[in-house]
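Here's a structure for you.
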Amino acid sequence: MIQILLRDKLDDCITRWHAAGYDVIGPQKNNNVTRFAPVEKASELDLEIILTDRTVKELFFPQTEPMFRYRIGKQAIDTEEYLPPGRKRIIFGSRPCDASAMAIDDPLFGWDFKDTYWFQRRNETVMVTIACTESDDFCMCTSLKLAPDSPLGSDIMLRPVAGGKGWHVELLSERGREAFDRIEALLDDSAAEKEPIANVPKRFDLDVCREWLADPENFESHFWKEISIRCIGCGTCTFLCPTCHCFDFQDEGDTYSGIRRKNWDSCSFALFTMHTSGHNPRSTQSSRWRQRIMHKFNYFPGKFSMNSCSGCGRCSRQCPVDMGITETLQEITKTAK
Amino acid sequence: MAKIGVFICHCGENIAARIDCARLLSAMDDHPGVSVSLDYKYFCSDPGQENVKKAIRENNLTGIVVAACSPRMHEATFRKACAEAGLNPYLCEIANIREQCSWVHSDREKATEKAIDITRSLIEKVKRNNELQPIEVPVTRKALVIGGGIAGIQAALDIANAGQEVVLVEREPSLGGHMAQLSETFPTLDCSQCIMTPRMVEAAQHPKIELLTYSEIEQVDGFIGNFTVKIRKKARYVDMKTCTGCGDCIQKCPQKKISDEFDCNLGKRPAIYTPFAQAVPNIPVIDKENCTYFKNGKCRVCAKACPIDCINFEMQDEFVDIEVGAIVVATGFQIQNTAMYGEYGYGKYPDVITGLQFERLASASGPTAGKIMRPSDGKEPETVVFIQCAGSRDPSKGVKYCSKICCMYTSKHAMLYAHKVHGGKAHVFYMDIRAAGKGYDEFTRRAIEEDEASYLRGRVSKVWQENGKLMVRGVDTLLGKPVEIAADMVVLATAITPQPDAKEFAKVIGIGCDEYGFYNEAHLKLRPVETATAGIYLAGACQSPKDIPDSVAQASACASKVIGLFSRDRLEREPVIAMNNEATCSGCWGCFVACPYGAIEKKDILNRSGELIKRVAFVNPGLCQGCGTCVTFCRSNSIDLAGFTEKQIFAEVMGL
Amino acid sequence: MNEQFEPKIVAFVCTYCTYAGADLAGTSRLKYPPNVRIVRLPCTGRISPMFILKALQKGADGVLVSGCHPGDCHFTSGNFHARRRWTVFRALLNFTGIPLDRIRFSWISAAEGVKFAELISSLTDDIRKLGPFEQYKAMIHETETPVSL
Amino acid sequence: MSIQEQYRKKAAELLSSGEVKLVIGYGAGTTPDRRRPLFVRSADETSKLHLDAACEANLSGYLVTEGLLADRKKVGIFLGPEGIRSVNILASESQLDPDQIVIMGFNREAESVSALEGSNVRDFPAMLAALKEQAPGAGEQALVERIENMTPEERFTFWQAEFEKCIKCYACRQVCPMCYCRRCIVDNNQPQWVQTSSHTLGNFEWNLVRAFHLSGRCVECGGCDRACPVNIPLRLINRRMAMEVLDAYDHFSGMSPDQETVLASFKKDDPETFIL
């Protein structure tokens, strides 16, 4: 049976989910930036945004997270741990690329040490994803062999019905079913045409690219210098990337006590690989950009059999100098052929 | 791992009365990194310091904090104790819990809390202190003395007689200063010229003294032991080497109507002149402003008169750079213009004159050859009124301070007048008679009792001219009556002020001055001849109004400081200086622009094949004085200041 | 508030003038509130705006920066440089909403023990009236709080 | 001939004559409304150069790329008035030799661009003097004033809401021609003056320090503002600081390659109204 979630029922859904102990989080435009934040009412949601400026990543892997507090005593150091809040939540209205990215990062955060902060949040979260019916010039999920309706990482997939009245509900997991049980009564079963999903053109040939990247000959290629010549070395692409997951530890506080924090870090920064000696094995911006591409499309797939990219296109969309993965992989595709 | 010792001084009751030292001690005991904490009644005492040294040795301490009085009192003491115990003296910090805590707070609880904060934040600082080694700099054994009055001459002679070289610079054409203008000197009434001129000649002929008259200091760079001074030798237009001082040129100069500054404008002089007959060097200068040739391009009478052709109108100012190790500033004083007292009529009535003008009238070498005559008509005054404090001790119109010498010279004037004008009557209006000094009070008593000067305690409200007399209206506060005196002459005891350009000159040489322009000593009581700038000393009235004995004494004190400095080849300096991290420096040169001492140099970093990689800042340790202005400017945090590093201050603030 | 609020004030001073002035206040046995903590530096030229930010991070409700009067700097011009920095930094603080009543600047000479004592008294009084710097403290509190999502 | 054609031709001449080794200009971007920095090394590539009202970026930051000017060869560059000002500052701070820079200057108007006469950075005194008079960034003036009229509490709240968004990507720093430090103060962790965590406090500290370090140096090219991925109105702070140094010290940054850095210099009679 086709189940339809009508847009005008959203308020009731939120109320029921709240009653069932879920926090509801969705895309909003606030203070000139679009991002995911808790909502009380459906009107706070901005579901028309193709893709938020900031990703859902920060809901699992915050930009800065206190891990423990320490106090330096005369004889010993006392510590006190911080843990994630431990609340069930529904992320309503993420896009397939963002949701996929979370699934892509799962093995990374769990291959040896299981990162509590990540997995506790992952386990407490129901990802309600809305398939894309629109795309922009930077979207590239199809080039990554994903799609505007990829189920990867989602617990529920919503497919817009024509006219924008609501969504077809597709349950993808037990966690999703549980959340939807709470609002089953509100679902409609009237048949409605699904709107076709967005037609995202294929922008590069991933297989060709991966083969080129895997060839050790190309590691020292002049290509890297050429392609990254205008890179200014900021962290925009990495911090806005849903799959980028590098972090750094910082102790902050006064001379007696403080907090150890886990902060986002970026391979774009010169400091990322700086040694204490002053030597920097990745001393040029081109070597850093190469690392980013290699990591995403060579090393990561080598270890986890997935590309560390879900094709959201934020790196290109937000780059201050109009660079990005798309251009690089397009150029590699050309070069390789 | 830090092993810090904390020493809490009770300072008798000074600290212990307001601060719970036991609580402070136990708080420090619990502080991470503290190996030993002790308290004691007086840590500055010998046994107290022995305790500190013992604790350092026994516990192998890596730093100490002494919670006691201000570091300005005993930092040096405890640093020395550290050094004696084998700990680098810069691993010592002083927590000021007396001047800035126990003495200013009455709430024992809160004062104790504050003392804990102060002490622990310095523990955090000292943990990050580095061992510093004193910087050694060479000493140039040559002194510069600025000013050729009695103070400068005395200092120069004392230094030179100790075998050290001296450059003596005087901006006027002759040595002598104000003392050369005086008639006789209190309290002995010996003739000023008689005691002064031999000194001038001695200075000029001394093999260790290089005399530069008619010269001014343009620029002073460098630091103690190593100053570079640029001197402008003003063009005299007379060749010093060949001139014999015959004076023919002076005689022949057609321009004879120039007010004579040396005679306080009571006499006239030509355009080519020596300031006074006994001038040293006895070589004239041409006053370019008033010389007919310089004004009109015609004349050259002096050149024609000169038998050996030593007049040179083409002469230019010359600049010389000298290297000296110490500087004595003896730039003297000026007297205040008294025009602000309209009621005294100075400038309006020619017979209202200043004390210095009276000196010239009374001087045997003065414009009247020592005869007391009224400037207006040359008559001998029968009655003279002296008004003391004509500017001094008057915050509303004059200056707040006492000019110190006027009581004495007014007595002297009254006395000289009585000696020279028999039957003349001297009246002195005074506020207080300040005659402290050897033989001084006796001297004023003599003026009153033997020379019958009439001393009236009170102020003068008005002076006006009536029937050829100067009417002086004042008050005798002892009788409580107004007084009116018909006088022939009125003499104002004007205030002593700094030289008009004293403030600007202070900046040229890099010393401080007070609101008036008198130069600041490093410590009024304990370091009265040193300035805050190491290697620069003060002598005479440039520091404050002084009489001749005081000026001479201070000059000799300066000389002893300089001789002491020159007794060593090298000099140790505080290692609190900036240093640059060449790896992170971008060479933006903000520090170069900001440094008040020009201590930042540009250093080329070359690669192995000698090619320039980059240019970075380098701090010259000899020039850096350790202010840290560069550190604050440096955007990349590349420059840092030893002793007050970014890490230390950060820890100190974050440890509060 | 039952108990009177006692502000925490941090003073950054140069050693030659204001520190000596504070010493003079002590030797003159003047009294002022115990709320101030003095950090001694060689010169106002050494006082970086970062110090002010760190004092605020450490929970200061007020900051005083003080040195030699213009023209009196032991290092001749450190205070002139400082004055420019303060002017600009102060404008910046003001524009970003740090109340200037809390960040004060003064010239206090070695002779002005009375001025030092009086300034600390009035500053403490003023900041007591303003109350704790709640807005900044809220920002500090956020750093100590677990992430809410 | 359009200015685009004119400068393509000029770039081709400069490159083929060997006068410059490189021309830094603008090329087509991913989408029709975008322009991206373009590095042209041969005359035949100059047809890829674009110059129109979409060319917003201040390219001068690329001039201080390590080693670019070390060979003493010249580089041609497309620069707007702000870019010319930044080259002046970079020269005054000894980061480059202004005589190595061949400027193809342009003025951007609403829909079009016009050429600026001159090619050496010293050739534009009249344009810069006029710019000083008309105060660039005046468009922001109203907003700046609105913020100034708030109470301190409101201002604090306003900026907290803005800085809370910051993710410390440092795009503002990286895109800024004035941020050429080999090591940024935020990357110095001994001591860590600026907290690197992107909580509001850390973001606040970072943005204050950035603005302070740019005081009297910012040319208001707006690069930071455009680069900020979370749209913090950084231009407002920079504008306010520019106003401050203009009012207090009559300092308009980037007037000449010999200009003194305003915070490294002083006048004895600098205004002081607030020092007790």
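A, B, C and D are the chain letters, set down in written order, and residue numbers restart from 1 in every chain.
Everything that follows uses one rule, which is that a contact is a pair of C-beta atoms (placed from the backbone, for glycine too) under 8 Å apart; a residue touches a chain by one contact, two chains touch by 3 or more.
Model, not experiment: these values are computed from the prediction.
**Q** If you tally contacting C-beta pairs, which pair wins, A-D or A-B?
**A** A-D
**Q** Which chain wins if you rank chains by how close their C-alpha centre is to the centre of all protein C-alpha atoms?
**A** C
**Q** How many Å are there between the centre of chain B and the centre of chain C, using C-alpha atoms for each centre?
**A** Centre separation, chain B to chain C: 33 Å.
**Q** If you average the CA atoms of chain A and of chain B, how far apart do the two points sit, in angstrom?
**A** Computed from C-alpha means, the inter-chain centre distance equals 72 Å.
**Q** How many angstrom lie between the CA centroids of chain B and chain D, rounded to a whole number?
**A** Distance between chain centres, rounded to whole Å: 49 Å.
**Q** Please set out, as single numbers or ranges, the residues of chain A touching at least two other chains.
**A** Within chain A, the residues that touch at least two other chains are 64, 252, 254.
**Q** What are the residues of chain C that contact at least two other chains?
**A** 54, 57-58, 71, 77, 81, 85, 143
**Q** Can you list the residues of chain D that touch 2 or more other chains?
**A** 185, 192-193, 195, 197, 199, 202, 263-265
**Q** Select the category (line, ring, star, complete, other) that matches the graph of chains linked by touching.
**A** Looks like everything touches everything, fully connected.
**Q** Can you list the residues on chain A that touch chain C in the complex?
**A** Counting only chain A, the residues touching chain C are 23, 25, 38, 59, 62, 64-66, 69, 82-85, 89, 252, 254, 259.
**Q** Give every residue of chain C touching chain D within the complex, in rising order.
**A** On the chain C side, the touching residues are 49-50, 53-54, 57, 70-71, 77, 80-81, 83-100, 104-107, 119, 135, 139-140, 142-143.
**Q** Which residues, counting only chain B, touch chain A once they are in their complex?
**A** 30-32, 34, 124, 583, 651, 654-655
**Q** Within their complex, state which residues of chain B touch chain C.
**A** 70-72, 96, 98-101, 103-107, 110-111, 113-114, 117-118, 121, 507, 510, 512, 532, 576, 594, 596-597, 625-629, 631-633, 641, 643-644, 649-650, 652-654, 656
**Q** Under the touch definition given earlier, write down the residues of chain C that touch chain A in their complex.
**A** 58, 143-149
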